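Same chain, two partners: chain A is paired with chain B first, then with chain C.
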Partner chain A sequence: MIGAPALVVARQVLVEAGRRRTLPVFVFFGCAIILSTAFLSFFQLGVEIKFFKDVAMTVIFLFGMVTTVVLTSTQLSGEVESRTIYNVLSKPIRRRDLVVGKYLGSVAAIALAVAPMAGILVFFVFTDRGGSVLEVLKATYLLWLAFSVLAAVAVAIASFATSIVCAALTVLAFVVSYLKGAVTAYLALTVRAALAVYAGQALYYLLPNFENFNTRTAVVHDEIVPWAYVGRTSLYALALVALFLFIGTQVFEEREL
Partner chain B sequence: MTAARASRLARVWVVLGLLACVAATQALVERYRPQVNDEATAPFPLAAVVVRSFLGDARGLLADYLWLRVDEYQHRRRIVGGDLLRSDDEALMPLVRIITWCNPHFVDAYALGGQWLAFHFNRPREAAAFYEEGIRNNPRSFDLLSGAAWVYWRFLHDYPTAAARAREAARVAPDDLHRFQALWLGAHILADRGDQAGAIRLWREVGRLPGYERTAQAWIARLERSPQGPPR
Partner chain C sequence: MPPVISVQGLTKRYGGPRSRDKVALQDLTLDVPAGEIFGFLGPNGAGKTTTIKLLLGLIAPTAGTGTVLGCPLGSVEARRRLGFLPESPYFYEYLRGPELLAYYGRLCGLGRAESRRRAEALLRQVGLWESRHLHVRKYSRGMLQRLGLAQALINDPDLVILDEPAGGLDPIGRREMRDALLQLRDQGKTVFLSSHILAEVETVCDRVAILHRGRLVATGRIGELLGGTHEMELTVRGSDGALAGHLGRLPGVAIRHGTDATVVVLPAQHLVYQAIDAVREAGGEIVSVLPKRERLEDLFVRLVGTPGGTPS
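And then the complex of A and B:
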């Protein structure tokens, strides 16, 4: 179970994220790009808002992803590298609480970083009558779920790796999650052995699939994302977060510091 | 069994259980995926799958920006010897191909690509195949259905397919002007094939559209006066 110390750690991560310069800078640039796109006017009527939604969703996705990697990969590994971990662990706190606290704090900070960008998107969609605000909110929530999963992956890697290795492996895991579709398709087309095809399928189902959180097409084309989809994707994210946090806590418990 | 080994085994079982949860929830999500993103069911060639995978969520944005480039290049084509430079036209086609890989709902790119293949490069079979791919991914696109009908009719002389596509275009037309255009196209295809009765039937449909009664009557009268062949 998550203890009160984990929440204290989470709050500390949140405060620390605000103090660092990187996070506000990312948020500022993200908001600036979205705002500048809102005033483009070289498209024909009706296309502008679609283009704006497309750009805004992609900017939220890219900046959110970078924020997640930068913020999460330096949390646990940073403490170990700067040796402040000894001070922290000398307090009455279990290692698993520390890992979970770091994760919860990072996820909350990511939500705060994404909120202004999502706010601008919602504002322009509402004022330009560019579709349903609710659908935009659903899509943003799903993107935040994707960042939460990525943060869990980063925490699991940070439990045994340095911050640079952690950042590199997290980005790699993210890229692999997109490439696995290509690998599965390639295996199905070229390899005759059934075993290889099954291995491709297993890879597809067991590795994180970040494409599940992408509802940009639906938002851009004013389609409705069913609540059932939002619910099932939330369950999927929960399962992934539980898996990676469990791995992270177990590895960190065993780690020689 | 030692306590440490039992604990390790328990952890392995927990991980396996969580992996099973991940696979099960992925299967649950998969069932709803086409409703949220019908690109998930669109058949892509392997090269497109690889390009799409590498681009990830940025592919829609790339499609938009490439379309801007297509627009810019199209208006800056060079004229050599009084004619548009063919290599400038050819340079646009890969961009159009990548746009439709990135976003299979980019109807304008399919429409432009199909039209250029047929009219600029005189490759009507490739144009028809490109239109058909676009129609598979966007079955309710008036532009693609009418564009395909035109290519089947004027270039490939495949009258039944052309007439069928024109009929579908009339069905999905967003307003009376577009419905008139599709019915006009369908009637000319049927008349060209020698099916005067079918053409007259379509013109009667045109006559039911507000504002097109006189046009329809003129064409019906013209067809009835020349039962031997289609009016040109």
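And then the complex of A and C:
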């Protein structure tokens, strides 16, 4: 069970995210790029709305991912490195509450960072009658789920690593997750050792499949993403988040500080 | 009354089973009685901070057991009733003092209103209320130390563990810290004070424990540890040459000439009268006659030794 201190920690993460300059700067630049694309595509009749939706979704994806890595990697590890953890853990809070609180605060901050960019996208889709607003909302929700999974991966890594190592490993995990199909196929074709093939398969199933959360193409081409798919993907994300948070809390419980 | 802190055979080694272990703490057995100020002393690397980390559950012991406030080491129940000021405390720089204390209060399970009320009271108590609008990053070293004391007291703890609380404080700040410690004892709280400032420890502590290279080398009431020596100390004024001539005849006497006075250390009390006669004969003036008392610093140096670590 997660206790009330986790929510206190989560709120503090939100306050921190709002007061540090990094997050507002990311949001500002993301919104600026989406807005400038909107105004530029306004003069390019014909393909403008598809182009705009494509660029906007890509910007949300990229800025969301960078925000997730930067924000989440510096939470738990930063607390250890700056030695503020001694004040926190001398209070009656369980370590797992701290880990989960950091995670919850991070995903809430990521949602607040993505919201203005998604809002601009929805506004132009609505006013230009460029497709279904609901589909845009579904797509941004799925992207946020991807960020939530990535944040859980980062928290699991931060439970034993420094901020910089955590950020590097999180990015690496993200890239390998995208390439895992190719890596597994390559191993199966070229490596004869059964252990390496099994290791590749284990990696395939353990690492999240971030492509499941990407419905950009559907949004751009006005295709409908079924609710059943959204539901299944939500459950998939929930399972991954639970798995990585479990790993993170277990490792952090044993960590010597 | 049961001890507030009780540890038996507490040991902490760093390093893997195959590597050469570094023993940070070896077989520490210690009881800290309730309602006292307990000084925890030792040179750098003696194992003081390791002990505190073990008490708080920040690290796990290699061997040994213990309780804090009757609860297992590092348990949430123990931490609910204790406060901790780390050495050189660090805080979230983007928060203001009241926000920071309210956050720690919430972590201690206080309600929102209660946390704010306690935060204000403590900031006034440590003299930081006027700086309440400043972000913590603008605080001076001394202000951070006082804020650290305030956060340690946010839950009105029964036990306060302080790691070098006077670090970074000016003389007035040190005096205020000392008064605060005595006030905590008057309120019935137990203070576990790790400090390098031996004069301060001697002034405020009821008991001390001295660690050296991870081992406990002495513990007890300060009066008992320092004990009385048989030596007497006379402070006299007069002609140095004449005084030295007359006093030098006494067995085992040590004479130290200062700018204003001469200090004469006698090895036994019965020599006092002979020394007084000698001073009179030399035409000198007696300023004071006192039993020579060992100071905590003398005991510390005797047990722990030179900076190299060799006991004298």
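Note that in this section the second predicted complex is superposed on the first by the 231 of 257 C-alpha atoms of A that agree within 3 Å, B and C clash if a C-alpha of one lies under 4 Å from a C-alpha of the other, contacts with A are read in each partner's own complex, and residues count from 1 in each chain.
Note that in this section a contact is a pair of C-beta atoms (placed from the backbone, for glycine too) under 8 Å apart; a residue touches a chain by one contact, two chains touch by 3 or more.
Nothing here was measured: the structure is a model prediction, and the numbers come from that model.
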| item | value |
| --- | --- |
| Partner chain in contact with A:Glu256 - chain B first, chain C second, else both or neither | second |
| Chain B versus chain C as contact partner of A:Ile93, first or second or both or neither | second |
| First, second, both or neither for A:Leu195, with chain B first and chain C second | neither |
| Partner chain(s) touched by A:Arg83 [first = chain B, second = chain C, both, neither] | second |
| Partner contacting more residues of chain A (chain B vs chain C) | B |
| Contacts of A:Glu16 with chain B and chain C, given as first, second, both or neither | second |
| Complex contact set, residues of chain A against chain B | 51, 54-55, 57-58, 61-62, 175, 178-182, 185-186, 189, 204-206, 208-212, 214-218, 220-221, 223, 225-226, 228-229, 232-233, 235-236, 238-240, 242-243, 246-247, 250 |
| Chain C residues within the chain A interface of the complex | 53, 56-60, 76-77, 79-80, 82-84, 86, 89-92, 94-95, 99, 103-104, 106-109, 148, 151-152, 155, 161 |
| In the complex, chain B residues that touch chain A | 11, 14-15, 18-19, 21-29, 32-33, 35-39, 44, 46, 49-50, 52-54, 56-58, 60-61, 64, 103, 105 |
| Of all residues in chain A, those that touch chain C in their complex | 4-5, 8-9, 12, 15-16, 19-20, 82-84, 86-94, 254, 256-257 |
